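I am attaching a structure below and will ask some questions about it afterwards.
Labels run A, B, C and D following the written order; every chain starts at residue 1.
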Amino acid sequence: MTLPDPFALAAAALLALGFYGFVVQRHPLRRLLAINVFGNGVFMTLILVARWMPGGPDPIPHAMVLTGIVIAVSATAMGLALVRRDLRQGDGKDGGDRD
Amino acid sequence: MSISAWLAALLIVAGTGFFFAGTMGLLRFPDVFSRLHALTKADNTGLGLVAAGVALLHQSWRHAALITVIWLLALAASSIACHLVARDALARGEQREEKP
Amino acid sequence: MTGLAVLAALALVIFFGLGLLRIHLGPTDADRILSIQLSGTTTVAILLLLSVIVDMPALLYVALIFVLFAAVIAIAFVRNPKGGA
Amino acid sequence: MILFDGVLALLIVVLAWRCVTAGDLYLGIVVFIVMGLMLALSWARLDAPDLALAEAAIGAGLLGVLLLSTWRALPGHRRQDRDHPPARKAVRWLAGVASVAFGLVMAALLHALQPDEDAAGALALGRLTEAGVEQPVTAVLLNFRSYDTLLEMGVLLMALIGALLARTPLAPYGAATDDGTDSPLIPVLATTFTPLLLLVGAFLVWAGAYGPGGAFQGGAVLGGAGVVLVLCNRLQGAPEAGILLRLLLVLGVKVFILAGLLMLPLEGAFMAYPPGLTYPIMIAIEFCLATSIAVSLLLLFTGTHGVRVPER
(Lines give C-alpha, C1' and ligand atoms only; values in the text may rest on other atoms or scores of the structure.)
Protein backbone atom coordinates (compact mmCIF):
# COMPACT_ATOMS: atom_id res chain seq x y z
CA MET A 1 0.00 0.00 0.00
CA THR A 2 1.67 3.19 -1.13
CA LEU A 3 0.83 6.65 0.05
CA PRO A 4 -1.60 8.26 -2.42
CA ASP A 5 -0.21 11.00 -4.65
CA PRO A 6 -1.52 14.32 -3.26
CA PHE A 7 -2.16 15.53 -6.78
CA ALA A 8 -4.35 12.48 -7.52
CA LEU A 9 -6.48 13.38 -4.52
CA ALA A 10 -6.56 17.02 -5.63
CA ALA A 11 -7.69 15.98 -9.14
CA ALA A 12 -10.51 13.89 -7.71
CA ALA A 13 -11.51 16.74 -5.40
CA LEU A 14 -11.52 19.24 -8.28
CA LEU A 15 -13.82 16.98 -10.29
CA ALA A 16 -16.16 16.50 -7.34
CA LEU A 17 -16.23 20.21 -6.43
CA GLY A 18 -16.79 21.27 -10.04
CA PHE A 19 -19.72 18.90 -10.27
CA TYR A 20 -21.15 20.09 -6.97
CA GLY A 21 -20.83 23.75 -7.92
CA PHE A 22 -22.46 23.19 -11.27
CA VAL A 23 -25.45 21.43 -9.73
CA VAL A 24 -25.96 23.72 -6.76
CA GLN A 25 -25.26 27.21 -8.07
CA ARG A 26 -27.78 28.96 -10.29
CA HIS A 27 -26.00 32.17 -11.26
CA PRO A 28 -24.74 31.60 -14.85
CA LEU A 29 -21.31 33.12 -14.12
CA ARG A 30 -20.87 30.80 -11.15
CA ARG A 31 -21.79 27.85 -13.32
CA LEU A 32 -19.10 28.84 -15.79
CA LEU A 33 -16.61 28.95 -12.93
CA ALA A 34 -17.73 25.50 -11.79
CA ILE A 35 -17.32 24.09 -15.31
CA ASN A 36 -13.81 25.49 -15.39
CA VAL A 37 -13.01 23.91 -12.02
CA PHE A 38 -14.23 20.58 -13.37
CA GLY A 39 -12.16 21.08 -16.52
CA ASN A 40 -9.06 21.74 -14.42
CA GLY A 41 -9.73 18.45 -12.64
CA VAL A 42 -9.81 16.68 -16.01
CA PHE A 43 -6.56 18.37 -17.05
CA MET A 44 -4.86 17.31 -13.85
CA THR A 45 -6.07 13.73 -14.33
CA LEU A 46 -4.62 13.67 -17.84
CA ILE A 47 -1.30 15.06 -16.63
CA LEU A 48 -1.16 12.38 -13.95
CA VAL A 49 -1.84 9.73 -16.60
CA ALA A 50 0.97 11.20 -18.70
CA ARG A 51 3.40 10.70 -15.83
CA TRP A 52 2.82 6.98 -15.75
CA MET A 53 4.62 6.30 -19.00
CA PRO A 54 8.10 5.00 -18.33
CA GLY A 55 10.83 7.10 -19.88
CA GLY A 56 9.52 10.60 -19.44
CA PRO A 57 6.14 12.31 -19.51
CA ASP A 58 3.88 11.10 -22.30
CA PRO A 59 3.54 13.95 -24.84
CA ILE A 60 0.10 12.92 -26.11
CA PRO A 61 -1.95 13.72 -22.97
CA HIS A 62 0.09 16.92 -22.70
CA ALA A 63 -0.91 17.89 -26.23
CA MET A 64 -4.54 17.07 -25.39
CA VAL A 65 -4.44 19.25 -22.29
CA LEU A 66 -2.84 22.07 -24.27
CA THR A 67 -5.65 22.03 -26.83
CA GLY A 68 -8.07 21.60 -23.95
CA ILE A 69 -6.88 24.78 -22.23
CA VAL A 70 -7.36 26.84 -25.40
CA ILE A 71 -10.77 25.29 -26.05
CA ALA A 72 -11.76 25.94 -22.44
CA VAL A 73 -10.87 29.63 -22.65
CA SER A 74 -12.67 30.10 -25.97
CA ALA A 75 -15.76 28.23 -24.78
CA THR A 76 -15.76 30.25 -21.56
CA ALA A 77 -15.44 33.48 -23.54
CA MET A 78 -18.46 32.47 -25.60
CA GLY A 79 -20.30 31.54 -22.42
CA LEU A 80 -19.48 34.94 -20.92
CA ALA A 81 -20.84 36.68 -24.01
CA LEU A 82 -24.08 34.71 -23.57
CA VAL A 83 -24.17 35.58 -19.86
CA ARG A 84 -23.81 39.29 -20.65
CA ARG A 85 -26.60 38.97 -23.18
CA ASP A 86 -28.85 37.02 -20.84
CA LEU A 87 -28.43 39.26 -17.82
CA ARG A 88 -28.78 42.43 -19.82
CA GLN A 89 -31.97 41.36 -21.55
CA GLY A 90 -33.66 40.95 -18.19
CA ASP A 91 -33.51 44.73 -17.83
CA GLY A 92 -36.04 45.17 -20.64
CA LYS A 93 -33.65 46.66 -23.11
CA ASP A 94 -32.24 44.90 -26.11
CA GLY A 95 -28.87 43.27 -25.74
CA GLY A 96 -27.65 44.27 -29.18
CA ASP A 97 -25.34 47.23 -29.39
CA ARG A 98 -25.58 47.85 -33.11
CA ASP A 99 -26.51 51.43 -33.83
CA MET B 1 30.15 24.49 0.14
CA SER B 2 31.60 27.29 -1.90
CA ILE B 3 31.28 30.95 -1.07
CA SER B 4 28.70 31.54 -3.80
CA ALA B 5 26.51 28.72 -2.42
CA TRP B 6 26.67 30.25 1.07
CA LEU B 7 25.83 33.63 -0.35
CA ALA B 8 22.91 32.17 -2.31
CA ALA B 9 21.60 30.46 0.82
CA LEU B 10 21.84 33.71 2.75
CA LEU B 11 20.02 35.64 0.01
CA ILE B 12 17.24 33.07 -0.27
CA VAL B 13 16.70 32.96 3.48
CA ALA B 14 16.62 36.75 3.67
CA GLY B 15 14.19 36.92 0.74
CA THR B 16 11.90 34.37 2.37
CA GLY B 17 11.99 36.51 5.50
CA PHE B 18 10.78 39.50 3.50
CA PHE B 19 7.95 37.42 2.06
CA PHE B 20 7.00 36.44 5.61
CA ALA B 21 6.97 40.08 6.66
CA GLY B 22 4.91 41.06 3.62
CA THR B 23 2.34 38.33 4.22
CA MET B 24 2.04 39.21 7.90
CA GLY B 25 1.64 42.85 7.02
CA LEU B 26 -1.08 42.03 4.53
CA LEU B 27 -2.90 40.09 7.22
CA ARG B 28 -2.43 42.35 10.22
CA PHE B 29 -2.39 45.94 9.01
CA PRO B 30 -5.63 47.83 9.48
CA ASP B 31 -6.46 49.39 6.09
CA VAL B 32 -5.87 49.05 2.36
CA PHE B 33 -3.12 51.64 2.13
CA SER B 34 -0.95 50.30 4.92
CA ARG B 35 -1.42 46.77 3.56
CA LEU B 36 -0.25 48.09 0.22
CA HIS B 37 2.83 49.39 1.95
CA ALA B 38 3.58 45.96 3.47
CA LEU B 39 2.98 44.23 0.16
CA THR B 40 5.59 46.21 -1.73
CA LYS B 41 8.29 44.97 0.65
CA ALA B 42 7.67 41.38 -0.41
CA ASP B 43 7.15 42.37 -4.03
CA ASN B 44 10.37 44.28 -4.48
CA THR B 45 12.98 43.29 -1.95
CA GLY B 46 11.82 39.77 -1.20
CA LEU B 47 11.59 38.76 -4.83
CA GLY B 48 14.86 40.57 -5.55
CA LEU B 49 16.76 38.66 -2.87
CA VAL B 50 15.30 35.29 -3.86
CA ALA B 51 16.02 36.05 -7.52
CA ALA B 52 19.63 36.96 -6.73
CA GLY B 53 20.07 33.74 -4.78
CA VAL B 54 18.55 31.62 -7.53
CA ALA B 55 20.67 33.38 -10.15
CA LEU B 56 23.80 32.44 -8.18
CA LEU B 57 22.67 28.83 -7.99
CA HIS B 58 21.99 28.58 -11.71
CA GLN B 59 25.64 29.31 -12.54
CA SER B 60 24.81 30.46 -16.04
CA TRP B 61 25.03 34.03 -17.31
CA ARG B 62 22.08 33.52 -19.64
CA HIS B 63 19.78 32.42 -16.86
CA ALA B 64 21.07 35.13 -14.56
CA ALA B 65 20.23 37.73 -17.21
CA LEU B 66 16.76 36.27 -17.64
CA ILE B 67 16.19 36.32 -13.88
CA THR B 68 17.27 39.97 -13.77
CA VAL B 69 14.75 40.80 -16.49
CA ILE B 70 12.04 38.98 -14.52
CA TRP B 71 12.86 40.97 -11.43
CA LEU B 72 12.92 44.32 -13.24
CA LEU B 73 9.58 43.53 -14.87
CA ALA B 74 8.16 42.49 -11.52
CA LEU B 75 9.24 45.87 -10.13
CA ALA B 76 7.51 47.70 -12.96
CA ALA B 77 4.39 45.55 -12.78
CA SER B 78 4.03 45.79 -9.03
CA SER B 79 4.54 49.54 -8.90
CA ILE B 80 2.00 50.11 -11.67
CA ALA B 81 -0.45 47.67 -10.11
CA CYS B 82 -0.13 49.14 -6.62
CA HIS B 83 -0.54 52.65 -7.97
CA LEU B 84 -3.70 51.68 -9.85
CA VAL B 85 -5.19 49.83 -6.89
CA ALA B 86 -4.42 52.65 -4.47
CA ARG B 87 -5.89 55.23 -6.83
CA ASP B 88 -8.99 53.14 -7.30
CA ALA B 89 -9.37 52.56 -3.56
CA LEU B 90 -8.98 56.28 -2.94
CA ALA B 91 -11.62 57.10 -5.52
CA ARG B 92 -14.01 54.54 -4.12
CA GLY B 93 -13.33 55.37 -0.50
CA GLU B 94 -15.22 58.63 -0.92
CA GLN B 95 -18.35 56.85 -2.05
CA ARG B 96 -18.07 53.60 -0.24
CA GLU B 97 -21.65 53.68 1.00
CA GLU B 98 -23.00 53.70 -2.53
CA LYS B 99 -21.37 50.40 -3.33
CA PRO B 100 -23.71 47.43 -3.39
CA MET C 1 21.93 23.18 -1.28
CA THR C 2 18.70 22.05 -2.92
CA GLY C 3 17.50 21.13 0.55
CA LEU C 4 17.46 24.78 1.54
CA ALA C 5 15.69 25.74 -1.68
CA VAL C 6 13.02 23.11 -0.97
CA LEU C 7 12.56 24.48 2.53
CA ALA C 8 12.28 28.02 1.20
CA ALA C 9 9.73 26.90 -1.41
CA LEU C 10 7.75 25.13 1.31
CA ALA C 11 7.82 28.24 3.48
CA LEU C 12 6.69 30.39 0.54
CA VAL C 13 3.79 28.11 -0.33
CA ILE C 14 2.68 28.25 3.31
CA PHE C 15 2.87 32.07 3.25
CA PHE C 16 0.81 31.89 0.08
CA GLY C 17 -1.84 29.97 1.99
CA LEU C 18 -1.78 32.52 4.81
CA GLY C 19 -2.07 35.39 2.36
CA LEU C 20 -5.24 33.82 1.03
CA LEU C 21 -6.91 34.64 4.32
CA ARG C 22 -6.92 38.26 3.19
CA ILE C 23 -8.91 37.27 0.11
CA HIS C 24 -11.38 35.61 2.39
CA LEU C 25 -11.53 38.47 4.88
CA GLY C 26 -11.73 41.27 2.32
CA PRO C 27 -13.19 43.64 3.34
CA THR C 28 -12.88 45.69 0.14
CA ASP C 29 -12.31 44.51 -3.42
CA ALA C 30 -8.99 46.36 -3.40
CA ASP C 31 -7.77 44.12 -0.58
CA ARG C 32 -8.57 41.09 -2.67
CA ILE C 33 -6.65 42.40 -5.65
CA LEU C 34 -3.71 43.16 -3.35
CA SER C 35 -3.85 39.57 -2.22
CA ILE C 36 -3.77 38.38 -5.85
CA GLN C 37 -0.78 40.64 -6.40
CA LEU C 38 1.11 39.13 -3.47
CA SER C 39 0.10 35.63 -4.54
CA GLY C 40 1.47 36.34 -8.01
CA THR C 41 4.80 37.54 -6.66
CA THR C 42 5.04 34.57 -4.30
CA THR C 43 4.27 32.23 -7.20
CA VAL C 44 7.06 33.81 -9.23
CA ALA C 45 9.49 33.31 -6.33
CA ILE C 46 8.41 29.67 -5.94
CA LEU C 47 8.85 29.11 -9.67
CA LEU C 48 12.36 30.56 -9.51
CA LEU C 49 13.21 28.19 -6.66
CA LEU C 50 11.60 25.23 -8.46
CA SER C 51 13.69 25.95 -11.55
CA VAL C 52 16.75 25.22 -9.38
CA ILE C 53 15.22 22.31 -7.45
CA VAL C 54 14.09 20.27 -10.43
CA ASP C 55 16.74 21.77 -12.72
CA MET C 56 14.24 22.94 -15.32
CA PRO C 57 15.29 26.36 -16.69
CA ALA C 58 12.07 26.48 -18.75
CA LEU C 59 10.27 27.43 -15.56
CA LEU C 60 11.98 30.82 -15.81
CA TYR C 61 9.83 31.52 -18.87
CA VAL C 62 6.74 30.59 -16.89
CA ALA C 63 7.82 33.12 -14.25
CA LEU C 64 8.36 35.74 -16.97
CA ILE C 65 4.82 35.22 -18.29
CA PHE C 66 3.38 35.49 -14.79
CA VAL C 67 5.13 38.79 -14.28
CA LEU C 68 3.86 40.12 -17.60
CA PHE C 69 0.27 39.11 -16.90
CA ALA C 70 0.29 40.40 -13.32
CA ALA C 71 0.08 43.94 -14.65
CA VAL C 72 -2.68 42.94 -17.08
CA ILE C 73 -4.80 41.57 -14.22
CA ALA C 74 -4.26 44.73 -12.20
CA ILE C 75 -5.37 46.97 -15.03
CA ALA C 76 -8.38 44.77 -15.71
CA PHE C 77 -9.37 45.33 -12.11
CA VAL C 78 -9.52 49.09 -12.35
CA ARG C 79 -10.73 49.65 -15.88
CA ASN C 80 -13.51 48.72 -18.19
CA PRO C 81 -12.34 48.05 -21.73
CA LYS C 82 -14.18 51.06 -23.08
CA GLY C 83 -11.94 53.43 -21.18
CA GLY C 84 -12.49 55.64 -18.20
CA ALA C 85 -13.46 53.84 -15.05
CA MET D 1 9.36 17.70 -1.48
CA ILE D 2 6.31 15.53 -0.68
CA LEU D 3 5.39 18.13 1.92
CA PHE D 4 5.51 20.88 -0.70
CA ASP D 5 3.29 18.82 -3.00
CA GLY D 6 0.91 18.10 -0.17
CA VAL D 7 0.51 21.77 0.79
CA LEU D 8 0.10 22.73 -2.88
CA ALA D 9 -2.57 20.08 -3.48
CA LEU D 10 -4.38 21.03 -0.27
CA LEU D 11 -4.37 24.72 -1.24
CA ILE D 12 -5.80 23.86 -4.66
CA VAL D 13 -8.63 21.89 -3.10
CA VAL D 14 -9.41 24.64 -0.58
CA LEU D 15 -9.39 27.25 -3.35
CA ALA D 16 -11.67 25.16 -5.57
CA TRP D 17 -14.06 24.74 -2.66
CA ARG D 18 -14.10 28.48 -1.96
CA CYS D 19 -14.47 29.15 -5.67
CA VAL D 20 -17.69 27.19 -6.06
CA THR D 21 -19.24 28.12 -2.71
CA ALA D 22 -18.08 31.73 -2.19
CA GLY D 23 -20.85 33.92 -0.86
CA ASP D 24 -19.83 36.78 -3.10
CA LEU D 25 -19.53 36.22 -6.85
CA TYR D 26 -16.56 38.58 -7.12
CA LEU D 27 -14.79 36.57 -4.43
CA GLY D 28 -15.38 33.44 -6.49
CA ILE D 29 -13.72 35.05 -9.51
CA VAL D 30 -10.72 36.24 -7.50
CA VAL D 31 -10.30 32.79 -5.97
CA PHE D 32 -10.50 31.25 -9.43
CA ILE D 33 -7.65 33.45 -10.64
CA VAL D 34 -5.50 32.49 -7.66
CA MET D 35 -6.32 28.84 -8.31
CA GLY D 36 -4.91 29.34 -11.81
CA LEU D 37 -1.60 30.40 -10.23
CA MET D 38 -1.55 27.30 -8.04
CA LEU D 39 -2.42 25.03 -10.95
CA ALA D 40 0.46 26.42 -13.00
CA LEU D 41 2.77 25.69 -10.07
CA SER D 42 1.50 22.15 -9.70
CA TRP D 43 1.94 21.52 -13.43
CA ALA D 44 5.49 22.70 -13.15
CA ARG D 45 5.86 20.09 -10.41
CA LEU D 46 4.25 17.39 -12.58
CA ASP D 47 6.92 17.62 -15.33
CA ALA D 48 4.71 19.66 -17.65
CA PRO D 49 6.43 23.05 -18.18
CA ASP D 50 4.54 23.46 -21.48
CA LEU D 51 1.25 23.34 -19.70
CA ALA D 52 2.48 25.60 -16.93
CA LEU D 53 3.26 28.17 -19.64
CA ALA D 54 -0.19 27.80 -21.17
CA GLU D 55 -1.90 28.00 -17.80
CA ALA D 56 0.11 31.08 -16.82
CA ALA D 57 -0.86 32.90 -20.00
CA ILE D 58 -4.43 31.65 -20.36
CA GLY D 59 -5.77 30.29 -17.08
CA ALA D 60 -4.33 32.90 -14.77
CA GLY D 61 -4.03 35.70 -17.34
CA LEU D 62 -6.58 35.96 -20.14
CA LEU D 63 -9.36 34.00 -18.45
CA GLY D 64 -9.03 36.09 -15.29
CA VAL D 65 -9.15 39.33 -17.28
CA LEU D 66 -12.22 38.10 -19.16
CA LEU D 67 -14.05 37.12 -15.97
CA LEU D 68 -13.19 40.39 -14.20
CA SER D 69 -14.21 42.50 -17.18
CA THR D 70 -17.48 40.64 -17.65
CA TRP D 71 -18.28 41.02 -13.97
CA ARG D 72 -17.65 44.75 -14.22
CA ALA D 73 -19.82 44.95 -17.33
CA LEU D 74 -22.83 43.39 -15.61
CA PRO D 75 -25.43 45.76 -14.20
CA GLY D 76 -24.93 46.17 -10.45
CA HIS D 77 -27.94 44.20 -9.26
CA ARG D 78 -27.08 41.30 -11.54
CA ARG D 79 -23.71 40.76 -9.95
CA GLN D 80 -25.16 38.90 -7.01
CA ASP D 81 -27.25 35.82 -6.50
CA ARG D 82 -30.55 37.55 -5.81
CA ASP D 83 -32.22 36.43 -9.04
CA HIS D 84 -30.36 33.14 -9.09
CA PRO D 85 -30.31 31.72 -5.57
CA PRO D 86 -28.46 28.45 -5.00
CA ALA D 87 -30.49 25.27 -5.08
CA ARG D 88 -32.67 24.21 -2.16
CA LYS D 89 -31.14 22.55 0.86
CA ALA D 90 -32.30 19.03 -0.04
CA VAL D 91 -30.80 19.37 -3.52
CA ARG D 92 -27.59 20.70 -1.99
CA TRP D 93 -27.26 17.70 0.28
CA LEU D 94 -28.03 15.30 -2.53
CA ALA D 95 -25.47 16.96 -4.78
CA GLY D 96 -22.95 16.98 -1.95
CA VAL D 97 -23.31 13.26 -1.31
CA ALA D 98 -23.21 12.46 -5.02
CA SER D 99 -20.08 14.53 -5.62
CA VAL D 100 -18.31 13.08 -2.58
CA ALA D 101 -19.04 9.59 -3.90
CA PHE D 102 -17.87 10.63 -7.37
CA GLY D 103 -14.69 12.14 -5.92
CA LEU D 104 -13.92 9.01 -3.90
CA VAL D 105 -14.37 6.78 -6.94
CA MET D 106 -12.11 9.03 -9.02
CA ALA D 107 -9.48 9.10 -6.27
CA ALA D 108 -9.53 5.29 -6.04
CA LEU D 109 -9.24 4.98 -9.82
CA LEU D 110 -6.37 7.46 -10.01
CA HIS D 111 -4.61 5.73 -7.15
CA ALA D 112 -4.91 2.37 -8.91
CA LEU D 113 -3.33 3.65 -12.15
CA GLN D 114 -0.56 1.42 -13.35
CA PRO D 115 2.38 2.31 -15.58
CA ASP D 116 1.69 1.33 -19.16
CA GLU D 117 4.46 0.23 -21.50
CA ASP D 118 2.26 0.44 -24.59
CA ALA D 119 1.29 4.09 -24.28
CA ALA D 120 0.94 5.85 -27.62
CA GLY D 121 3.36 8.46 -26.34
CA ALA D 122 6.18 5.90 -26.35
CA LEU D 123 5.60 5.45 -30.09
CA ALA D 124 5.63 9.23 -30.56
CA LEU D 125 8.87 9.62 -28.59
CA GLY D 126 10.47 6.74 -30.54
CA ARG D 127 9.70 8.39 -33.90
CA LEU D 128 10.54 11.90 -32.82
CA THR D 129 13.38 12.20 -35.33
CA GLU D 130 10.83 12.02 -38.19
CA ALA D 131 8.79 14.90 -36.85
CA GLY D 132 11.22 17.67 -37.75
CA VAL D 133 11.05 19.31 -34.32
CA GLU D 134 12.77 18.29 -31.12
CA GLN D 135 9.96 19.10 -28.75
CA PRO D 136 7.65 16.09 -28.35
CA VAL D 137 4.49 18.04 -27.55
CA THR D 138 4.90 20.27 -30.61
CA ALA D 139 5.59 17.17 -32.72
CA VAL D 140 2.39 15.55 -31.51
CA LEU D 141 0.35 18.70 -32.07
CA LEU D 142 1.61 19.60 -35.53
CA ASN D 143 2.63 16.29 -37.03
CA PHE D 144 1.49 13.07 -35.41
CA ARG D 145 -1.96 14.31 -34.51
CA SER D 146 -2.33 17.31 -36.77
CA TYR D 147 -6.01 16.58 -37.48
CA ASP D 148 -6.79 17.30 -33.84
CA THR D 149 -5.05 20.63 -33.99
CA LEU D 150 -6.74 21.59 -37.25
CA LEU D 151 -10.16 20.78 -35.85
CA GLU D 152 -9.32 22.63 -32.68
CA MET D 153 -8.69 25.77 -34.70
CA GLY D 154 -12.14 25.19 -36.17
CA VAL D 155 -13.62 25.01 -32.68
CA LEU D 156 -11.88 28.26 -31.78
CA LEU D 157 -13.44 29.98 -34.79
CA MET D 158 -16.84 28.51 -33.93
CA ALA D 159 -16.61 29.83 -30.37
CA LEU D 160 -15.71 33.26 -31.77
CA ILE D 161 -18.70 33.20 -34.12
CA GLY D 162 -20.92 32.17 -31.22
CA ALA D 163 -19.62 34.99 -29.05
CA LEU D 164 -20.15 37.49 -31.88
CA LEU D 165 -23.72 36.29 -32.41
CA ALA D 166 -24.50 37.19 -28.80
CA ARG D 167 -23.75 40.81 -29.79
CA THR D 168 -22.73 41.96 -26.35
CA PRO D 169 -19.31 43.46 -26.86
CA LEU D 170 -17.11 44.12 -23.88
CA ALA D 171 -15.39 46.92 -25.74
CA PRO D 172 -18.25 48.96 -27.23
CA TYR D 173 -17.76 50.97 -30.37
CA GLY D 174 -17.84 54.71 -30.45
CA ALA D 175 -15.35 57.28 -29.34
CA ALA D 176 -13.41 56.34 -26.26
CA THR D 177 -14.15 58.70 -23.41
CA ASP D 178 -11.33 59.94 -21.32
CA ASP D 179 -12.99 61.26 -18.21
CA GLY D 180 -9.84 62.55 -16.59
CA THR D 181 -9.54 59.75 -14.03
CA ASP D 182 -6.86 58.09 -16.08
CA SER D 183 -3.64 57.46 -14.29
CA PRO D 184 -0.51 58.78 -16.01
CA LEU D 185 0.91 55.29 -15.67
CA ILE D 186 -1.60 53.75 -18.08
CA PRO D 187 0.27 54.93 -21.20
CA VAL D 188 3.50 53.71 -19.59
CA LEU D 189 1.94 50.31 -19.15
CA ALA D 190 0.80 50.25 -22.76
CA THR D 191 4.15 51.32 -24.16
CA THR D 192 6.26 49.11 -21.87
CA PHE D 193 4.35 45.88 -21.63
CA THR D 194 2.87 45.56 -25.11
CA PRO D 195 6.20 45.29 -26.95
CA LEU D 196 7.50 42.92 -24.29
CA LEU D 197 4.43 40.70 -24.58
CA LEU D 198 4.81 40.68 -28.37
CA LEU D 199 8.50 39.82 -28.10
CA VAL D 200 8.00 37.05 -25.54
CA GLY D 201 5.05 35.67 -27.51
CA ALA D 202 7.03 35.48 -30.74
CA PHE D 203 9.94 33.93 -28.88
CA LEU D 204 7.71 31.25 -27.37
CA VAL D 205 6.31 30.33 -30.79
CA TRP D 206 9.81 29.93 -32.14
CA ALA D 207 11.05 28.13 -29.03
CA GLY D 208 8.30 25.54 -29.43
CA ALA D 209 10.50 23.64 -31.88
CA TYR D 210 13.21 23.07 -29.27
CA GLY D 211 11.79 23.32 -25.79
CA PRO D 212 8.71 24.35 -23.85
CA GLY D 213 6.64 26.80 -25.85
CA GLY D 214 4.67 26.62 -29.04
CA ALA D 215 1.86 28.09 -31.06
CA PHE D 216 -0.74 27.98 -28.29
CA GLN D 217 1.32 29.53 -25.54
CA GLY D 218 2.87 32.08 -27.90
CA GLY D 219 -0.50 32.91 -29.43
CA ALA D 220 -2.01 33.44 -26.01
CA VAL D 221 0.76 35.85 -25.03
CA LEU D 222 0.39 37.74 -28.32
CA GLY D 223 -3.35 37.93 -27.67
CA GLY D 224 -2.55 39.28 -24.22
CA ALA D 225 -0.66 42.13 -25.87
CA GLY D 226 -3.84 43.03 -27.74
CA VAL D 227 -5.85 42.87 -24.53
CA VAL D 228 -3.46 45.32 -22.86
CA LEU D 229 -3.93 47.71 -25.77
CA VAL D 230 -7.71 47.47 -25.46
CA LEU D 231 -7.60 48.02 -21.70
CA CYS D 232 -5.29 51.01 -22.17
CA ASN D 233 -7.53 52.57 -24.82
CA ARG D 234 -5.06 52.12 -27.64
CA LEU D 235 -7.46 49.80 -29.45
CA GLN D 236 -11.22 49.63 -29.41
CA GLY D 237 -13.92 47.42 -30.80
CA ALA D 238 -15.22 48.04 -34.31
CA PRO D 239 -18.51 46.83 -35.79
CA GLU D 240 -16.84 45.61 -38.97
CA ALA D 241 -13.65 43.66 -39.48
CA GLY D 242 -11.22 44.81 -42.11
CA ILE D 243 -10.11 42.36 -44.75
CA LEU D 244 -6.67 42.09 -43.18
CA LEU D 245 -8.07 41.09 -39.81
CA ARG D 246 -10.30 38.45 -41.38
CA LEU D 247 -7.34 37.07 -43.27
CA LEU D 248 -5.29 36.85 -40.09
CA LEU D 249 -8.18 35.14 -38.35
CA VAL D 250 -8.28 32.23 -40.80
CA LEU D 251 -4.58 32.27 -41.66
CA GLY D 252 -3.76 29.35 -39.39
CA VAL D 253 -6.47 27.06 -40.72
CA LYS D 254 -5.78 28.02 -44.33
CA VAL D 255 -2.05 27.49 -44.17
CA PHE D 256 -2.50 24.24 -42.26
CA ILE D 257 -4.90 22.83 -44.88
CA LEU D 258 -2.86 24.21 -47.76
CA ALA D 259 0.32 22.63 -46.48
CA GLY D 260 -1.53 19.35 -46.10
CA LEU D 261 -3.02 19.51 -49.60
CA LEU D 262 0.11 20.69 -51.42
CA MET D 263 2.08 17.73 -50.15
CA LEU D 264 -0.68 15.31 -51.17
CA PRO D 265 0.79 14.43 -54.59
CA LEU D 266 4.29 14.15 -53.13
CA GLU D 267 3.62 12.01 -50.09
CA GLY D 268 0.33 10.34 -50.98
CA ALA D 269 -1.40 11.24 -47.72
CA PHE D 270 -3.08 14.35 -46.36
CA MET D 271 -0.78 16.21 -43.96
CA ALA D 272 2.27 14.07 -44.57
CA TYR D 273 5.35 16.19 -45.12
CA PRO D 274 8.48 15.27 -47.10
CA PRO D 275 11.36 14.53 -44.71
CA GLY D 276 13.69 17.37 -45.72
CA LEU D 277 11.05 20.07 -45.63
CA THR D 278 9.40 19.14 -42.34
CA TYR D 279 11.16 21.70 -40.17
CA PRO D 280 10.47 24.84 -42.27
CA ILE D 281 6.87 23.75 -42.84
CA MET D 282 6.43 23.23 -39.10
CA ILE D 283 7.78 26.65 -38.24
CA ALA D 284 5.63 28.34 -40.90
CA ILE D 285 2.50 26.55 -39.69
CA GLU D 286 3.31 27.37 -36.08
CA PHE D 287 3.62 31.09 -36.71
CA CYS D 288 0.41 31.18 -38.74
CA LEU D 289 -1.46 29.24 -36.06
CA ALA D 290 -0.14 31.53 -33.34
CA THR D 291 -1.27 34.63 -35.27
CA SER D 292 -4.76 33.23 -35.72
CA ILE D 293 -5.00 32.17 -32.09
CA ALA D 294 -3.88 35.62 -30.96
CA VAL D 295 -6.45 37.42 -33.13
CA SER D 296 -9.22 35.01 -32.11
CA LEU D 297 -8.48 35.46 -28.42
CA LEU D 298 -8.39 39.24 -28.80
CA LEU D 299 -11.76 39.28 -30.58
CA LEU D 300 -13.20 36.84 -28.03
CA PHE D 301 -12.14 39.34 -25.39
CA THR D 302 -13.61 42.43 -27.05
CA GLY D 303 -16.64 40.50 -28.33
CA THR D 304 -16.63 42.60 -31.49
CA HIS D 305 -16.21 41.84 -35.17
CA GLY D 306 -13.08 43.89 -35.46
CA VAL D 307 -10.78 46.28 -33.72
CA ARG D 308 -9.53 49.71 -34.71
CA VAL D 309 -7.30 52.43 -33.39
CA PRO D 310 -9.45 55.10 -31.75
CA GLU D 311 -9.37 58.60 -33.16
CA ARG D 312 -7.88 61.08 -30.80
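Quick note on the criterion: contacts are C-beta pairs under 8 Å (C-beta built on N, C-alpha and C of every residue); 3 or more make two chains touch, one makes a residue touch a chain.
All of these numbers come straight from a predicted model, not from anything done at the bench.
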My parser should flag the chain pair with the most contacts; which pair should that be? A-D
Would you mind pulling out the distance in Å between where the CA atoms of chain C average out and where those of chain D do? 19
What is the distance, in whole Å, between the centres of chain B and chain C, each centre taken as the mean of its C-alpha atoms? 9
Could you please state the distance in Å, as a whole number, between where the Cα atoms of chain A are centred and where those of chain D are centred? 12
How many Å are there between the centre of chain B and the centre of chain D, using C-alpha atoms for each centre? 27
If I count partner chains per residue in chain B, which residues reach a count of at least 2? 73, 76-77, 80, 84, 87, 91
The positions of chain D in contact with two or more other chains are 8, 45, 62, 73, 80, 170, 172, 181, 189, 193, 196, 301
Give me the residue numbers in chain A that touch at least two other chains, ranges are fine. none
Every chain pair meeting the touch definition is listed as A-D, B-C, B-D, C-D
Listed in rising order, chain D residues that touch chain B in their complex are 76-77, 79-80, 181, 183, 185, 188-189, 192-193, 196
Given the complex, residues on chain D that touch chain A span 2, 5-6, 8-10, 12-13, 16-17, 19-21, 25, 28-29, 32, 35, 39, 42-43, 45-48, 50-51, 54-55, 58-59, 62-63, 66-67, 70-71, 73-75, 78, 80-81, 83-87, 91-92, 95-96, 98-100, 102-104, 106-107, 110-111, 113-117, 119-122, 124-125, 136-137, 139-141, 145, 148-149, 152, 155-156, 159-160, 162-164, 166-170, 172-173, 214, 216, 220, 239, 293, 296-297, 300-301, 303
Which of the residues in chain C come into contact with chain D in the complex? 6, 9-10, 13-14, 16-17, 20, 23-24, 26, 29, 32-33, 35-36, 39-40, 43, 46-47, 50, 53-54, 56, 58-59, 61-62, 64-66, 68-69, 71-73, 75-77, 79-85
In their complex, what parts of chain B are in touch with chain D? 73, 76-77, 80, 83-84, 87, 91, 100
In the complex, go through chain D and note every residue touching chain C. 1, 3-4, 7-8, 11, 14-15, 18, 26-27, 30-31, 33-34, 37-38, 40-41, 44-45, 49, 52-53, 56-57, 60-62, 64-65, 68-69, 72-73, 170-172, 176-179, 181-182, 186, 189, 193, 196-197, 200, 204, 207, 211-213, 217, 221, 224, 227-228, 230-233, 236-237, 301-302
